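Shared chain: chain A. Partners: chain B in the first complex, chain C in the second.
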Partner chain A sequence: MTAQQDFALKRSQEYKHALFVLVISIALVLVFLVNAFDVTEGTWNKVWGSLTIAYLVIACWQAIILFCMKRDLLNTGDIQKRTRLMSAVNLLTILVGNVFTTTFAFRMLRRKASIEYTISYYMLLTQLLIVSVSLLNLFKPYVSDMFLLTMAVFILLIIFDVVAVVIFGKVDTDRQIKPAFKWLGIALIITGFSGNIFGCILGYSVLLKSTNRDMSTIEKWNKIWSKITKNFTAMLGLLFVIFTFAISIASYGTFVYEFAVENNYESMLLEPSLANPFGTDNFGRDVFSRIIYGARISLIVGVVSTLIPLVIGGFLGAIAGYYNKSIDNVIMRILDVLYAVPGILLAIAIIAAFGANTVNLIIALSVGSIPTYARTMRANVMMVSNLEFVEAAKALGEADWKIIFKQVVPNSFAPMIVKATLTIGGAVIATSSLSFLGLGVEPHIPEWGNILKVGSMYLETNPYLAIFPGIAIILLVLSFNFLGDGLRDALDPKLD
Partner chain B sequence: MKKRLVLFLAAVVLVLAGCVNTKSDVKKDESKPSSETKNTSIEILGMSTGEDDLNILRDQLTKNGFNVKLNIQPDYGSFTAQKDAGNYDLALTGWTTVTGNPDYAVRSLFTSDGDNTLFADEEADKLVEKASTQLKEEYTQTYKDLEQLVVFDKAYIVPLYTSYKAQGVNNQVIDEKTLRLPKSRAAVWEAISFKDKAKNATQPLLAQQGISALTSLDPIKGNDGSINTLNTNMYVRLVNLTDDDEVVSDGSLSLNHAIADGSKDYYFLLRDDIHFASVKDKKAADSGERVGAEDVKFSLDRAKDKNSVPDHRTYSLHESMKDISIVSDLKELDVKTTDGQSTVREQLEKGLDKKISTLVTDKTKANNGSGAYQIVKVTTEKPFPQVLNYLAHQSAGIVSKKQVESINTYDVAKYDVNKDIAYGDQKTITEGKDYNNALYASGPYILVSKNDYEAKFVKNPAYMKGTEYEPKISAITVKFIQDPESALSALRNGEIHILNGVPESKYDIVKKDDKLTLQQNKSNGVAYLAFNMKDRDVSKSVALRQSILYSINQEEIKNFYQGNKMNAVSTLSPLVETGLKLEADNNKAKELLKEYQSEK
Partner chain C sequence: MLHEHMEKIKKSSTYSELIHRYEEQYRSKKLYFNESISEQEMQGEATKLANERVLKMAQAELETTDQSNTNYQHFFAKCLQNRNFVIVSFIPGILMYLFLMIYARPLVRYIFERLVMTVFVIISVTIFVFSILHFSPADPAANILGESATAEQRAEFDHRYGLDQSYWVQLWDATKGILTLDLGYSYTGNEDVMASIANKFPVTLTIAFWSLLMAIVIAIPVGMISAAKTNSFWDYSFMFIALIGLSIPNFWQGLVFILNFSIKWHILPATYSPGDWLSIIMPVIVLGTGLTASIARMTRSSILEVVNEEYIVTAKAKGLKPSRVFINHALRNAIIPIITIIGLQFGGMLGGAAVTEKVFNISGLGSYIVDKQFVPDIPSILGGVVYIAITISIVNLAVDILYAFLNPRIRSQMKNT
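And now, the complex of A and B:
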């Protein structure tokens, strides 16, 4: 292998992506295989068994693609059209729910990476996942009154998304695009209100490029998003976060709340089936519906209890960082006192004193993390306020608060965003932990910690009651962490 | 062609969509709670251990048009604090009749001046008094009237269920045939034997208890889960309860007992083969002092006297006794018993090897082998046959007159908990600088020492030696494990041998484990909801209370516990077959609720 060939392999993001997808697919095959074979009875489970076979086939095909890619890269330094077309077959894998191979296949289909194309196929995938998860409700005794209407809207959205994927697959959107595209952008933003935030991002991007004449703004936007869209783990994280958010909104139309909260003594502790994909708990409630409804609380509490300290801590940190000496000292020493109290203990104390409900839960989780945000903000502000443009603003006689909030804060906000994304995961875990301890929301309300608590009592006899909420928590936290990492890579100027 | 295909597809989708059941299709017939009547709010207070019950109640009441708020407290202390503050409409509580007689099940709850009184109702007071003087055949009707009044007519309580008792035992170590699971009385330690009998002398039996803070080891100063089992096995009583709550002399201080005609005089013929045990150098020693009639008189006199000790917690159980005396005159025994056939003497002598020749009043002179016996007579204020159940309760355990008097030297009225050390204070047996074990045990075992993790008991060396009641195992260690789940894990990995109180949801795990056996018996524990009878809407309106009563469906609760609960009507249900049954009735509940809302 010459140095040039070696470089071609190392340079190719697509090759790395293919390798990652192969490894994940093989891991999934193994997981399904373990579930498919019952060691004690020596029997095979049909559902898991067929899933294993399907995923095994996918993994083999992926291995072949990977081999072809390597050959292409070594021989010509570029991936050939035939190899790209081969991976189109993998688009079908969405039917068995393998989003890893599907996203890879979409990526391979366009020769040149494009931000809009990437976001549009993630948007399509999110919509497909929402529809397929919602369709599971058909196996229930009845569906909600809004179900048919909502599903019809969703199917229209899918068609719209497919059109968007096709358009952005063809059009070159690197620079400015035709002004007519702004209508498409507005339409995309409107679809984003269904919860599919990919629509909002894509719409904004299109609007920006079709109406804005300032090249530097477009350049900046392109730089950030091309980094994020090339980072497949960050995109998968974003996919799951947006999916969770979107399904929380979609559940208003497609899910029946009664299945999640009303006791049904005829169907207690049932094994997973089509009607109850995650089984039923000890009160006969459908765990699947409970997890879907639980996502709302977990997300709301997680996001809000991150936003509150972000704003309060950010404000205090900015003030402290800009005005050195006494103000800095007063604010930071008070926050140091708060910092000395362990966060989770403070939360428990607040909840014990004021009672357990969602609002108190949010406050309890927010207060403890104010100091860390303030510290981050202060450090950035101190650095930025010594830069020339701030000096210039001062020299021009600009008011202090204008300098702080127009010049300093916007330029020191990137690390705060990264920190916030990374701590949302922690907040989700803290919410669930407090509910698990009986300090969160009321026990009958579907919340992931509550669901997990019930499951923990049946670990031996009905393990699925704990496994599914556990996986939900793990996936959401992991997604936020991946997304946070991606954001850090994209926003940190030092990594350029 | 394309158009046709699209049309055809559209038609198929429409037909399929028509097949889908929506919520309003299915629930059309169910009347929605009409929005014009405002939902009535109900606050239920409970502990986190009763979270499952609370959830069922919330569900059932919500479905009947109530707006339910749960107040879940983490422990008993905060629960009682909330209850005392009156922050509830309904409180989820339980009652266990440890004496196995119906009077105990109603007296402290349903009378106006009971220890745990729930409400004040003159008619209920009268019925409780009337039933207490009656024998079993007659009191059934009286108790039925009481239940009708308390539960159905006035709806003072909402009964939920009667529990089973369940005990898990390691059958590889313990000979499970020797392990009893009585309905009311606490564990019978002296009967238990290891499977390998050689181990009885060398290895300790490992038992479990949830609470590690012991109220008091003086039997009259406590009546709760922390000491019931321990005191029952440390102090012998005049009579015992069998596994299904019959009063017998087997394994007690009396050889036989008899009730004289009129049901006011009760005679007990004492055995002479029990000595008090004491602790010396952390080992049990025979004190040489016999357990006799003087000790019985002393123990029962202080049991019924409210002022005999500070913090007397059990006098109300023994208030029915008027007089306790040692019988010296044999002629007194020639009265007829309640059956009208035999005399008291004949009943007392039944099955004795040596008939009674003389009666002695000095316990040191008793000698059953030569016919010198001691007899104690208990006289009640009114005819009260159920007094025998109270005498079988742990609070009627026999203590040593000499020892207790030598320790309780303080003045009861001026008792200072920081300075004076009472007999049975847990400080004196807790490892550390205050350790000074002065216990005198009349029962099969004596407590040597305890710490936060375990309590160590050893066998009383002079307890019915050579009889079938002599303790088999020489030492017993009671481990304090609070969490039921951890306790079950401890049983499964061999850390303890016996677990009393396996949770319902874990029966299957114990049953599936080959090493373990699950023993089950009915219990006298009843769970119920008590209404707040002070200044609440529920205290004023019978209709509202009845509406709640008929909203509760016991069958659903039984379903939830996989059939491991029984129906209940009141705390009497496990003891008396009154024939009444509470049937859930949603329509009645809704009508009563409407009635309440219109009268408001």
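And now, the complex of A and C:
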């Protein structure tokens, strides 16, 4: 292998992506295989078995694609059209729910990477996932009144998304974008209100490029998003986060709240089936519906208990960093006191005093993480306030608070965004941990920690009750962490 | 003084000699220029010059003679040679002596300042946690005695535990109790709080210690491999696993472990018992997973940051072996942020121990706090939280001091300030 060939392999993001998809597919095959074969009885489970076979076929096909890619890259330095068409077959894998291969197939279909195209197929995938998860409700005894209407809207959205994918697959948005595209952008933003935030991002991007004449804004936007869209793990994280958000909104129309909270003593502790994909708990409640409704709480608590310390800690940190010596010392020494107590322990103490409910949980989690945000903000403000433009603002006689909040803070905010994304995951874990201890969300509300608490009591007889909500937590937290890592690479903040 | 000296010189013969000499000078000058000599002018000129000269002489004389006999410095320097004086001076000057001893050496000064800070933090944490618990709307008397208790019974209860006293008195008692290791009796069970904490804390610390050890032993080599082979298959796999480790909730991991290792395969016991070494394995792994993951990530990123520094390039240019460059130059410099993260994460781990202890039914300090919080049992919670905070503060203090000893950059910085 010559150095050029080696470089071609290393440079190709698509090759890396293909390898990642192959490894993940093989790992999934192994997981399904373990589940499909019951060691003690020596029997095969039909559902898991067929899934294993399907994923095995996908993995083999992926391996063939990978081999072709490698050959193309080594011989010509570029991926050939035939290989790209071969991977188009993998679009079908969405039918068995392998989003990894599907996203890869979509990516391979366009020769040159494009921000809009990438976001549009992720938008389509999110919509498909929402519809397929919602369709599971058809196996229930009855569906909600709004079900048909909501599903009709979703089908329309899917058609619209497919159109968007085709348009952005053909159009080069950096050169041949016309002012007429702004109506498409507005339409996309409106679809984003269904919870599919990809629509908002895509719409904004199109709107920006079709109306704005300021090239520097477009340039900045392109720089950040091209880095994020190239990073497939970050995009997968974003996909799951947005899916969780969208399904929480969609659940208002497609899910029946009674299945999640009302006791049904005829169907206690049932095994997973099509009607109850994750089984039922000790009160006969459908665990699948409970997990879907729990996503709402987890997201709200996670996001709010990150936003509050972000604002308070950011404010204190900005003041401490901008004004030197005495104010800095006072603020930071007070925050040191909060910093000395571990977050969970502080939360337990606060909840012990004021009682366990959602609002107290949010406050308790927020208080503990104020110091870390303040420290990050302070370090950045100290760095930024020595730069020339701050001095220029001072020389122009600008008021201090205006300098802080118009010049310094916007320029030192990137690390805060990264930090916030990375800590939402921690907040989600803390929420469910405290609920598990009985110190978090009220026990009757379907929340992932509460569901797990019930599950932990039936660990010997019905382990799935504890396993599925745990996987939901891991996936959400992992997604936030992937997204945070991707944002860090894209925004490239100078973290201390 | 100066005046005295001048008078003295004027009275002596040198003065008249001087005048005489200046008169001669004046005369020869006038003769040379062929000018008339005015006696009066000559005398005036000579006296003036002589006076100037005398002033200089007097000054010179003063400088040479010993004039410091009225000086403080001299006086004390003499006194200090006296042994008894030194001993006696310690009575009023002890604080000053200490101050000088501390501030003369930057390292000692740094340690001293960190110590003061730690004491401040500990006392503030006590006040903060006590205030939260004190102003809670929950009423321990009502929670323990039940709905049916009469007002007198409740008053009796409040009196027994000092709850009827004012906030300041209670706060003083609590702070004193924390510092003197005497927190009184818990509301439920009426047991000595300090004795309970002393029983339970070692359990938590043992598990935390082993978790820490496991984390360091696994994470640092993993991080080193990832950093040495960046963007390789192993790097991606390790970092992916580390990210999963960061994302797993402790309690869920614990439940899955119990499900597989205890219920299905019967390898390890599901609950912890102090004498049984097998039973500690699962709690240690569960508690240490998050720490392992974050140390591994930190090791990788801090080595990668260091690898691009100029001294690494220099070392490579000198022709050192890559392995030597990596271990002696890169790792040695990268270890500093790793130590910080270990110190910080250790605190988080002690806090998170409550959840793990509940899952494995360990009677440690964390689960003690959780058990007592429903009342709320103020002395128990206060004691538990504050002693954990103290432990963390001491660990961080130790890390900071270790830092100062290890890192030559910080040492030289301290000397410069």
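By our rule, the second predicted complex is superposed on the first by the 490 of 496 C-alpha atoms of A that agree within 3 Å, B and C clash if a C-alpha of one lies under 4 Å from a C-alpha of the other, contacts with A are read in each partner's own complex, and residues count from 1 in each chain.
Just so we're on the same page, a contact is a pair of C-beta atoms (placed from the backbone, for glycine too) under 8 Å apart; a residue touches a chain by one contact, two chains touch by 3 or more.
It should be emphasised that the depicted structure is a prediction, and the values quoted were computed from it without experimental measurement.
When the two complexes are overlaid on chain A, chain B and chain C occupy overlapping space and clash. Of the two partner chains placed by the overlay, only chain B lies in contact with A:443; chain C stays clear of it. Comparing chain C and chain B on the residues of chain A they touch gives the larger count to C.
With both structures placed on the common chain, the touch criterion links A:262 to chain B but leaves chain C unconnected.
Judged by the touch definition given at the top, the superposed model places A:336 against chain C, while chain B stays out of reach.
Legend: residue contacts after superposition of the two complexes on their common chain; A:429 is shown touching chain C, with no touch to chain B. With both structures placed on the common chain, the touch criterion links A:482 to chain C but leaves chain B unconnected. Of the two partner chains, chain C is the only one touched by A:351; chain B is not.
With both structures placed on the common chain, the touch criterion links A:474 to chain C but leaves chain B unconnected. In the superposed pair of complexes, A:144 makes contact with chain B only, with no contact to chain C. When both complexes are overlaid on chain A, the residue A:460 reaches chain B and chain C alike.
Clashing C-alpha atoms between chain B and chain C turn up only in stretch 79-87, chosen from 61-69, 79-87, 187-195 or 421-429, once the structures are aligned on chain A. Common to the chain B and chain C contact sets on chain A are residues 460.
Across the interface of their complex, chain A is touched by residues 17, 20-27, 48, 51-52, 54-56, 58-59, 63, 70, 72, 74, 485, 505, 508-509, 556, 559-560 of chain B.
Residue ranges of chain C in contact with chain A, taken from their complex: 117, 120-122, 124-125, 128-129, 132-133, 135-138, 231, 233, 236-237, 243-244, 246-252, 255-256, 258-259, 263, 347-348, 350-352, 354-355, 358-359, 366, 369-370, 372-374, 376, 381, 385, 388-389, 392-393.
Residues of chain A touching chain B in their complex: 138, 141-145, 147-148, 256, 258, 262-263, 265-266, 268, 282-283, 438, 442-444, 457-458, 460-461.
Taken in their complex, chain A has these residues touching chain C: 10, 19-20, 23, 333-334, 336-338, 340-346, 348-355, 425, 429, 432-433, 436-437, 439, 452, 455-456, 459-460, 463, 466-467, 470, 473-474, 477-478, 481-482, 485.
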